[in-house]
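Chain lettering (A, B and C) follows the sequence in which the chains are written, and residue indices restart at 1 in each chain.
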Amino acid sequence: MLIPLLSLSLLGGALGLALALAGRFFKVEGNPLVEEVAAMMPNSQCGLCGLPGCGVAAEKMVNGEVELTCCVPGGKVLAQRIADKLGIPLSLEGFEEIVPQVARVNESICTGCSKCYKICATDAVFGASKRIHGVIAELCTGCGKCVDICPTEAIHLEEIAVTLRTWRWQKPLAQGVQA
Amino acid sequence: MTPFATHAPYAHAWGSIGDIMHKVMLALLPATLFAFWSFGWPAFWLWLVTVASAAGWEAACVWLAGKRIKPKLLDRSAMLTGWLLALSLPPWAPWWVGVVGSFIAIVLSKQVFGGLGCNPFNPAMVARVALLISFPVTMTQWVSALPLLPGQSVDFLQGLQITFGGIPMLDGVASASVLGGIKTELSKVGHLPALDSLFTAWQSTLGLRAGSLGESSAVLILLGGIWLTRHYIIGWRIPLSMLAGVLVPAVLFWLINPQHYASPLVHMLSGGLWLGAFFIATDPVTSPTSNAGQVIFGLGCGLLTYLIRSWGGYPEGVAFAVLLMNAVTPLIERATPPRIYGRNREGKPLEAKA
Amino acid sequence: MRVPLIDRLFDLLDRAAHWGVHPDYRKEPAASRLIGKLPLPPMLYLPLVQHAGAPARAIVKVGDAVLAGQLLAEAGGTISAPIHAPAAGVVEAIGPLPAPHPSGLAVETITLRVTGSEHIDYAVCNDPFALTPEELARRVEAAGVVGMGGATFPSAPKLHLGRRMAVHTLVINGGECEPYLSCDDRLMQERADGVLEGVRLIATMIGAGRILIGIEDNKPIACKAMQQAAEHFPNISVQSVPTRYPMGSGEQLMTWLTGQELPAGARMASIGVLVHNVGTAYAVHRAIRFGEPLTHRIVTVAGNAVRQPRNLEVPIGTPASALVEFCGGLTEEPLRLVMGGPMMGLALPSLDVPVIKGSSGVLALTAAECNETEEEDCIRCGSCAHVCPLHLLPLDMAASVRAGDLEGAAKLGLEDCLTCGACSYICPAHLPLSHYFDFAKGERWANEQSQRQTDMIREMTEAKRERLAREAAERRAELMRRKAEADAAKQKEKTL
């Protein structure tokens, strides 16, 4: 009777001590997940999610305060990658894919003031000062900062039109496949 | 994105799930009719009750799930399950065996998993095994074959009474199945009995012997099975490898000790082996799809059947063997994916050789 | 962990596996009628995207008068093809018009009002085999020839590639395994010599010593005609192959004829083979021998809703409705209008779209022919796996796609899938399997694009931040330097 009692409490004590020591010596400062997620974000600080920056958004995602799908330029794909990283299932319910937008410069009004060029986080606007500017669509996050800052309202956002090249089949309206 | 556009192909083969079920039933018909003839009216009533209640349970589940009943019943899968279950029951079992059995088959082993195509185990076999364990006496009361000849068999009314009236089994017709007899004798005296009383090869081949409905005629089951392979409803791999899985160890052990192990002929011609090989193990939902997987699956079914028959607690092992192999089907599938064109078995692209 | 011996055993079992389906071919009556010639329609609509690769660039302006054979649009990149005027006329408009595509999307199209058939002077070549391979390939490129089997891959890059990559075998695809279609069949029957010269020209261009022509055995007359034409060429072997869909897929035919297997993701040329379609060979012959650019093609007009199904040689750009009208119009309201074959073709929103270079057929199919039925539950019967020419597991792939697991589907070989539709055709539960796969491929492509864009945005942001920091640091350093200089100057002043 006594021997099992003793040995079990000894075992418990030893393991508890080991845990306590491990907790002290292997302690990790801050949440490493936040940094890892932050590294996955576009980091262009576009602000389309309504948060002050990509780092804040990453932190809130990890803490579950915002939806994983809140990053507009990252979209569904980024949300899925973050969900995989965090090991949580991604719910796409209620998630509507926002039609991507790009900025377009109306060259007849553009004065070449280069304000848009300076504010753009991704260098999507090209053209030197006093020259007319253009936009590289692939780099544009559609954040709209250039639209706000343009003194002559020469920039507007446009939805990217679907072409034969980008058109995709929709998911079949299925009833049957299981297994 | 534009509205839903239809995708090719704009041509489709004729045929449907219902057609497949229909053809399987057609293949079962000769053996079933023969069973009616040899076991009399009670066999027919039991079959009818089982098939009808299977359809009833299916309809009830579909209705509860809020789906449309008609298309689900039209695929006839529930009726086929009921039919196969009926064929695995003792022919003179009372009606409630059929109703409870089809409940287990349709509701507990199919619909709770999500319906047709989602069940991991063969529903008819789950039901048969569950019944066998729950009602061991009722499920092992075999009758000797009494062909529906005037004066030899029970008449229409007697048949109704046996199935629905709970009339106890007449002593004169009760009989042991071959495998059951062997097992009993082995445990009593330690060696094989003289089989003349229980088994003659030609009787078994034709089906004039005690057993469940579908254990009767090996020839008619085989004919139905061959017809199904001709129509590409079932492949030849599972049946052949299952038969081989029984035959090979049977020959081997019989050669070693014919005193203790029944002859291969007995093994091949008794019990539900043929029904199991052609109609139960070939259920596509619960068997592997790859060629290699099907061979492994069939061999496994056969070997397990022999194991259970020879050393297990039950005289017949087809149902258990199929269920056990059903359980490992996903594993087999995973281990035997077909080699993709242009890739090796690991899925890596082949090397380019000019 | 894999055991080689067991793998060998599995290989043996697999090899017994069949692939392919035997659909109702319905090639008659079009297949036994002579190719008809469609009169010039009043209007031609020439989309700038008629081929795989970059769109062509229009070089004519609205109002320009052009002659038949004149260049309308030049190739828009290395993988692209120029477009020529099929008839003399006036450019009426250049702008978006509905494309022959299920999306119904518009595509930049040159509208040509036809005024006649006067053509430019074609550079006829009486001894094409005297030309160098490079010159031949250049002429094919200038003629805007693309793969006529339906894939519409520009032919010239393939020919250049063949020359560079030591191709020893040229496989000519006369499979035409799609139901209804008989344009290649008629072409081989009626113009075997032209096709054969095209074949020999292609072989010359890529330097292939061996030529294998595969024709399905449901086209015995075409096979015989080709054999006769090839009589005097010992390096050409015209072979009859079993009729089985998709035998006309490049890989399947090549494997059947040569016994070689194309490694996943590799190009044909990497195993020393190139595959061209008989229609392409004929276009090459016209382009080299007669200097004619690709402006016409043979189209099968068929389907039970068409009064007189037949093959027509039509100017590219002709509205599909003109073809159907020429064949006696529609007898009943079709369920599906299809461009191409019924297995891999594209549903058309209407007949008011033009025939393009890759249009092998215009089909008006009735509901009875399509046999579209309500979906049922998958019972894992494995038919789809047994007919798949690549030995994929369509049932598992579709289940993955349906569950949203695109990566799972990709692991099962989604990207290898040809979308031949054999699985959808055979499925007794009528599941739209190939639709699932096209959807999943599109989705994966879009996801990749999105991923790439996110990465690019991150990189550019990083780059800009660094640049700004560097510039700021430089400015600060400059300021410091100037300040130091000023200080030094002041100091000097003081000391003076």
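Note that a contact is a pair of C-beta atoms (placed from the backbone, for glycine too) under 8 Å apart; a residue touches a chain by one contact, two chains touch by 3 or more.
Predicted model only: the values in this text are computed from it and were never measured.
**Q** Using only Cα atoms to place each chain's centre, name the chain farthest from chain C.
**A** Result for max centroid distance from chain C is chain B.
**Q** Point out which chain occupies the most central position, where each centre is the mean of Cα atoms.
**A** It is chain C that sits nearest the middle.
**Q** If you average the CA atoms of chain B and of chain C, how far apart do the two points sit, in angstrom?
**A** A distance of 49 Å separates the two centres.
**Q** Take the average of all CA coordinates in chain A, do the same for chain C, and state the distance between these two points in whole angstrom.
**A** 37
**Q** As a quick test, compute the distance in whole Å between the mean CA positions of chain A and chain B.
**A** 55
**Q** Residue numbers in chain A touching 2 or more other chains?
**A** 162, 167-170, 172, 178-179, in rising order.
**Q** What are the residue numbers in chain B that touch two or more other chains?
**A** In chain B, residues 2, 5, 7, 115, 117, 285 touch at least two other chains, as defined above.
**Q** What residues in chain C touch two or more of the other chains?
**A** Residues 103, 105, 374, 376-378, 380, 395, 429-430, 432, 435, 438 of chain C each touch two or more of the other chains.
**Q** What residues on chain C touch chain A, complex-wise?
**A** Touching chain A from chain C are residues 49, 99, 101, 103, 105, 107, 374-378, 380, 395-396, 398-399, 401-402, 429-432, 435-436, 438-439, 442-443, 445-447, 450-451, 453-454, 456-458, 460-464.
**Q** Under the definition above, what is the set of chain B residues touching chain C in their complex?
**A** 2, 5-20, 71, 75, 77, 115-117, 232, 284-285, 289-292, 295, 336-343, 345-347, 349-354
**Q** Within their complex, state which residues of chain A touch chain C.
**A** The contact residues of chain A facing chain C are 41-45, 73-78, 81, 120-124, 138-139, 141, 162-164, 166-172, 174-179.
**Q** Inside the complex, what are the residues of chain C that reach chain B?
**A** Answer in residue numbers: 2, 7, 9-11, 13-14, 16-17, 21, 23-24, 102-105, 166, 168, 179, 251, 255, 260-266, 270-272, 336, 338, 342-347, 363, 365, 369-374, 376-383, 385, 389-393, 395, 411, 413, 416, 421, 424-430, 432, 434-435, 438.
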